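Common to both upcoming complexes is chain A, partnered first by chain B, then by chain C.
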Partner chain A sequence: MSVIEYDVIVIGAGVAGLTAGSWLSGQGLKVALVTTGEPTACLSTGCIDVCAQNEDPLQGIAHLPAEHPFHLVSNATIHQALNDFQQIMTDMGMSYTGGLGKNRRILSAIGTFKTTCLTPSTMQTSPQNENEKIHIITFTGLKDFYPGYIISRFPNASFSIYNAGVPTTMGIAANFEDDTFLEAFILWLEKQNIREDKIAFPAVLGLESAMSVKERIEHRLERPIFEIPTIPPSMPGRRLFNGLKDHFRRKGGVIYWGWPVAGVEKTGRQIEAVIAESRGRPNSLNARAFILATGSFVGGGLWAKRDTIMEKVFNLPVFVPGGQEVWFDQDYFSVNHGIGETGIAVDSSFRPKGCPWDNIFVCGAILAHTEALKNGCGHGFAIATAQAAAQCCLEHIR
Partner chain B sequence: MIKTDVIIIGGGATGCGIARDLALRGIPHCLIEKGDFAAGATGACHGLLHSGGRYAVSDQVAAKECYDENMIMRRIGEKCVEPTGGLFVRLPGDSKIFRERFLRSCEEIGIPTEILSSTKALELVPNLNPDIEEAIKVPDCSIDPFRLCMLNMRTSELKGGLSFTRHKVTEIVQSHGRCIGVKALDAATGDEKEIHGNIIVNASGAWTNLIAKLAGCEVPLTLSKGSLVITNHRLTDMVINRLRPSSDGDIIVPNEAVCLAGTTSLAVEDPDKITIQPAEVDTIIGEAGRMIPHFNNTRVIRAFSGVRPLLKSQKLDSREISRGFQIIDHQNGMYSIVGGKLTTFRLMAEKMVDTIMNAFNLKRACETAEKPLDGQEELSGYPLSKRLADMKDIVCECELVTRKHVERIIAQTGTRHVGDISHRTRLGMGPCQGGFCTFRALGVMHDMNILTAEQSVQSLREFLQRRFRGIRYALWGDQLREEQLVEYIYLGILAMEKNK
Partner chain C sequence: MKYEHCIRCTICVENCPVFRVNPEFPGPKQAGPDAQRFRNGREKSAEEWVLLCSQCKRCEMACPCGVEPAQIILRAQQRYGLEHPHTAAHLLFANNYYLSTLGSITAPLANRFAATKIGKKIFRRMGIATYIPFPKFSFKTLRGEKKARSREARKVAFFYGCFINFYRPDIGRKIIRMLQSFKIDVVLPPQWCCGLPALGNGNTALARSFARKNVASLSNYIDAGYDVVYTCTSCGLCLLHDYQGILEIPEAKKIAENSFDLYEYVLKLITEREIKPNFREVNRVLAYHIPCHLRALKIGYPAADVIKLIPGLQCRILDDACCGLNGSYGFKKINEATAVQLGRRAVSLIQKTGAEAIVADCGSCRMQLSGLSGMDAFDPVEIICESLGIKGKK
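== the complex of A and B ==
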């Protein structure tokens, strides 16, 4: 069995894991990240939801229930973490708009408004009310975007259809990376004689080059354009993941991709190593501390059996609000599905409560009491808790 | 006002069977259904065409009816009935005395049986519990109950019969003590239709008494709720029954790509207010798992309940009440037809129409047992080969339903309900249970200008709410994971409003 030594092993390549990993690498530590594969960030809108309970996200956080893990992060750290994030994404060529002072609204693909805090700059000019004059571009055969949903709510909206040759968000985004395609598209767009103030697109404007594609279209059409996030697979989500991942590597971080953790080695109150499998062969990844950022159920950090819920890597104690009967309310649209509270409860230094080991730190969606959908605590929560947990981890090591 | 001869209330298997029978005997008729076809107990059953074995010991008359009808359905529905065959398996500890009675009864009724060793049975169904003592082979079959209704309605349509779905009967029009028609409310438009006829047939299943009351009549029923679960995999190619007196969770039926297991039997008061108990799901999975151990770790995608309208009886356990049927002449131009089983729907329709013919002194014999079902080619399932022929434009990845297919159904039916599309295409019936494709199906309706913004959001809300009722008790493992993703899509990405 190969044995590799690190200062810190991060488990999970989502927004939380990559943020924690980058921060620790930035502190001069030798960091590796183990992941089974693509994170749920790739399915997300790419927007950074901090707390949607109030127009002012920090006010919203202040009013969250006492047990909410956001209270474990100081406002200074939240500010710092989000500033760092914006800087990272700017450096990676995918800048974000907005700030902690006030939440923003972006147009959703069914014509409603979604509250979030930071948005990719490709969504910067998303309309703020239904009366704005927008022209929507869609693509032949694209099954994940229907302008009709928006048009029926926006009296001043119209749409045109472009044949991109492929019917999927991923395929169209790949086409936008090609200069000839983009130029032909712009020529077509110019001929559409669009009168509306803004032009809307499903989020397919390229993968790496979205910002420059946006700027080029805006320059030629002489008006703002914006993207509307689509259902998975989501290009803005993928851009976010790519940006954070490339940044982590740039900082010297190592990623073990497609390596499920199959076991743990421990001595006394310390985890010594995780055993990760590569093509069925075990590898011992040793470290002084471990950051658990494996996400909730969708991410794969938690797993529900018929009547119990398990944490998959360390088998940590999981906070569960009660039996299966309280996991879900009868009403789908209820905000009180007990399952939202499920997760790992931690102490003030992000160590799991009731855990027999001292060198595990937990951050992101796997934390108990998050209620991500109810509170609108998404990637912003992951970024903030990741930096806070990484700080605690660094203190522990030193 | 619409005039016809016979008004049928209820679009379950019985009502649809009556429409076909009337059509073949040349009687004008009009069927009214408050939801979609097969919306009640018909659509909430196993889809099992009984060989009769299940009732052989407890009710020989019902068992014989089942066997005869099973044979008829194989003949007239050759292309839509799946002749799976069935096994009655005996587990260690199951009564040997029951086995003897079962074999004797089957022989008396004429149900062919074949005794198989456990080795032989495992060759036929490799997923069976290897500990079974033996299995008895019987001629069970399976059918998609929704398709069965559609096939019957096809004949009615071809012969000029009328039908209105999503129309709720609000009044039975009477004159001089006789029922002469009905008033029905169109759920989509809120318009009222008045339909007059000479005879009203109340075939509304669990709602029979509620309809009868509109005409001042009474039909005492015992309502018995039965729950079922659906798995993501077809764990068996044969129907698996437990060789013991009828009990909870003793039948597993393969249907298309999935398996259905059930049922339970609990008395209920109101057919519109039924909920599944988590304990029922536990029982069904536990019992099914004893026959097919994989059941315990296979992904369950949904649980649902139907209400059996059983004839009122003094018997306390609803399982002991006869599964036979009865026609009640209310002596005012209205008949109610109650009881029975999916398997015997054709026979029920035949007897009902015979009664009507007698009342009018008309002589034309029933032809439903001889004539093949119309439209089987088109409606007979939706084989993979057909689905794979057009891989472009797929809107439902789980069940491989294309946009063209969805557009055709919308154009044909003018429906605004995603559920109607599901019934006709299987859209949204796979593992994600409509999580991705409902957004798309409604988007297609938008493109076709069928829906306004309010209607689409309302439709989406209703769909998600209804969908959740079904999956609520199947949420663990991968299904819970998928559900969390779907919740994120609708409430997170698409920002559907939560309750205030």
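== the complex of A and C ==
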């Protein structure tokens, strides 16, 4: 396998990896992406959180601590990266609403509001306060989505239940791809005599054709509808992943699935190749530069032992905020767990600090000082740092 | 078999084609790591639903934690097969190799019978689905091919697999001619079914006996300096993974180290500048359906890389959908509805690309996709030979 030479190998198929990969492919480079499995983006709400600390996300970023890696990305690049993202998703038939000017709120499955920046258009009309009149549709046997949570907070909400024949998110979403099912569902919906202004659904309105399903229901019911993100399996998360992945492919990128990096080849200050576990001959892929976008702990980029934290691919030095006593807050639901700062510290060109190699660039949730939970820096942060790191990588190669 | 590593993220469930359309199957998470906690050696296996898993391995490719749900389920399937009587369909498909040997000897008769109404009725009685026509047995198998020996430095032992041998020996001959045009000496070593159909139908013992014979035969060729080349991606997966894994064949590692997917091999020779194929323009718009087992081989998509070198050819790669047939899986009546629904979805994705024909490495994918769509489905070698100007004789 060492026969194929790439310009860049991206490690990690999440939002950051796919964004960096697509951007570099778009610049005419030969890019491969290797990944252990599918990313945590599939488990996400599909919303693009840039910075939830302030009504204005850019203001929020400006107020982040000095060491926060968002400061390594210029405002122009953030704008460009998010515009590119919106364009990509529109091209892939899954458009996004919102902009960097102002954060938005979307309704969660427990009736609270989540602050985010860009939302899938299927959540465009999500209510902005508890007094809005909404009617919630749920499905027989669907676990993990109970309209009661929302109704207890919304005085003007009601619900009805449809039997989709299957009780799972995946199964119902697959049914919505079928025209006959959708038509029968719309007829049922028309018979419910819904009086409320908006109709809410758990996010199960199809997988590939969610936008057209939404439009068709809206057209027939003559009022806005919106999706509420569910816990995994999350259809909006999967749509986001599929969109970015297909775009990367269209740009000429190649993906190696089930390809956990088990070793590296290096000479001097250069990484030459990454090697995957194999039952037969060693699988290795050569490249001139590498982008590390393996995510944080859940994504699999970082590995915590009792007293140390390691980066799994290159064994890069990891920034850890003190001893174990500061890793966790007493309150489980706190957003201030010290461990949120853990990650790879980078210089202004997204190269890891204290790293013996010159051709590694790091982006996304694995970066140190991100504190994604506290700052509300999610996919938006991944998109922006990915584009910035990809630019640095391009400069290095040229 | 690392079921403790499962973090229950459900990414495998999202990727399971069967779960998407068949509510009877609880999905790879429940059937794999979840149920594994309750499986023990003392109680008889009572979970008939493990047989609904098609072993496409998509869950394994998607798992971010390296859990291998399909492996766990495969072992549960073998256990179930050991403790319960097999249905007629399972027995027949496990012994597909012997059945096909008989079928090709009696080819004109067997093919005609399989296409008649009575034939189909009998098949359905036996629990065999007939929604797409059976592949036609070929009277002249590839095995009987006369050897055209030459004295080239590079030598290949071709593991052609049952599909090519019994149904499409013409593709096998094209492969041989293509390799010969690259100045490679091709031999057909003694070989048996790879064992995957037996494994897939719960007969570990039969699979192991096939595997032992194949390993003994191929091993001799490797010692004599041959590279083993396979073209069926499922045979390849069985040779490389299952021989070392569930079948625990000694010497299997040696086979894995010296076996190449046909196009992986060609690509290797091209990049090492050993060969310089003169690809001529082919004006086609194709949709390349990636077989699930090619993904599972983790070697990338080498045939796609070779095809990309052909001028004029437009080829869109589709790897999100399983065709649904999964070898003998979809031919069982109990799985027919699942196979048809999955096949239709794969076909609709292909038709959206506007392609005029389908390319796929796997014979059973091609059978399903062309059967359900009416489009032509080619093996990559057919396209490559068209470009190289190599004409096959029937």
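Points to keep in mind about this one:
Just so we're on the same page, the second predicted complex is superposed on the first by the 390 of 398 C-alpha atoms of A that agree within 3 Å, B and C clash if a C-alpha of one lies under 4 Å from a C-alpha of the other, contacts with A are read in each partner's own complex, and residues count from 1 in each chain.
Here, contacts are C-beta pairs under 8 Å (C-beta built on N, C-alpha and C of every residue); 3 or more make two chains touch, one makes a residue touch a chain.
Quick caveat, the model's predicted, so the values are computed rather than measured.
Under the clash rule set out above, the superposition-derived model of chain A with chain B and chain C shows the two partners fitting side by side.
Of the two partner chains, both chain B and chain C are touched by A:232. Within the superposed three-chain arrangement, the count of touched residues of chain A is higher for B, of the candidates chain B and chain C. Looking at the shared chain after the overlay, A:297 reaches chain B, while chain C stays out of its contact range.
Of the two partner chains placed by superposition, only chain B is touched by A:373; chain C is not.
In the superposition on chain A, A:306 makes contact with chain B only, while chain C stays out of contact range.
Draw one line from the C-alpha centre of chain A to that of chain B and another to that of chain C; the angle between them is 90°, to the nearest 10. When both complexes are overlaid on chain A, the residue A:254 reaches chain C alone and has no touch with chain B. Contacts of A:281 after superposition: chain C is touched, whereas chain B is not reached. Of the two partner chains placed by superposition, A:25 touches none, neither chain B nor chain C. By the touch criterion defined above, A:242 lies against chain C but remains apart from chain B after alignment on the C-alpha atoms of chain A. Shared-chain residue A:43: touches chain B and chain C both.
Between chain B and chain C, the shortest distance over C-alpha atoms in the superposed arrangement works out to 6 Å. Shared contact residues of chain A, touching chain B in one structure and chain C in the other: 40, 43, 167, 232, 298, 300. Taken in their complex, chain C has these residues touching chain A: 7, 9-11, 13-15, 19-21, 23, 27, 60-66, 240-241, 244-245, 253, 255-259, 264, 267-268, 271-272, 295-296, 298-301, 305, 317, 320, 345. Interface residues of chain A, counted against chain C in their complex, comprise 1, 3-5, 32, 36-40, 42-43, 165-168, 170-171, 174, 177, 232-233, 238, 242, 249, 254, 256-260, 276, 278-281, 283, 298-300.
Chain contact summary for the complex, chain B toward chain A: residues 275, 278, 282, 392-395, 403, 436, 439-440, 442-444, 446-447, 449, 451-453, 456-457, 460-461, 464-465, 467-469, 472, 475-477, 480-481, 484-485, 487-489, 491-499.
On the side of chain A, the complex with chain B involves touching residues 40, 43-45, 108-115, 141, 143-146, 148-149, 152-153, 167, 229-232, 234, 296-298, 300, 303-307, 324-325, 327-328, 330-335, 339, 373-374, 378.
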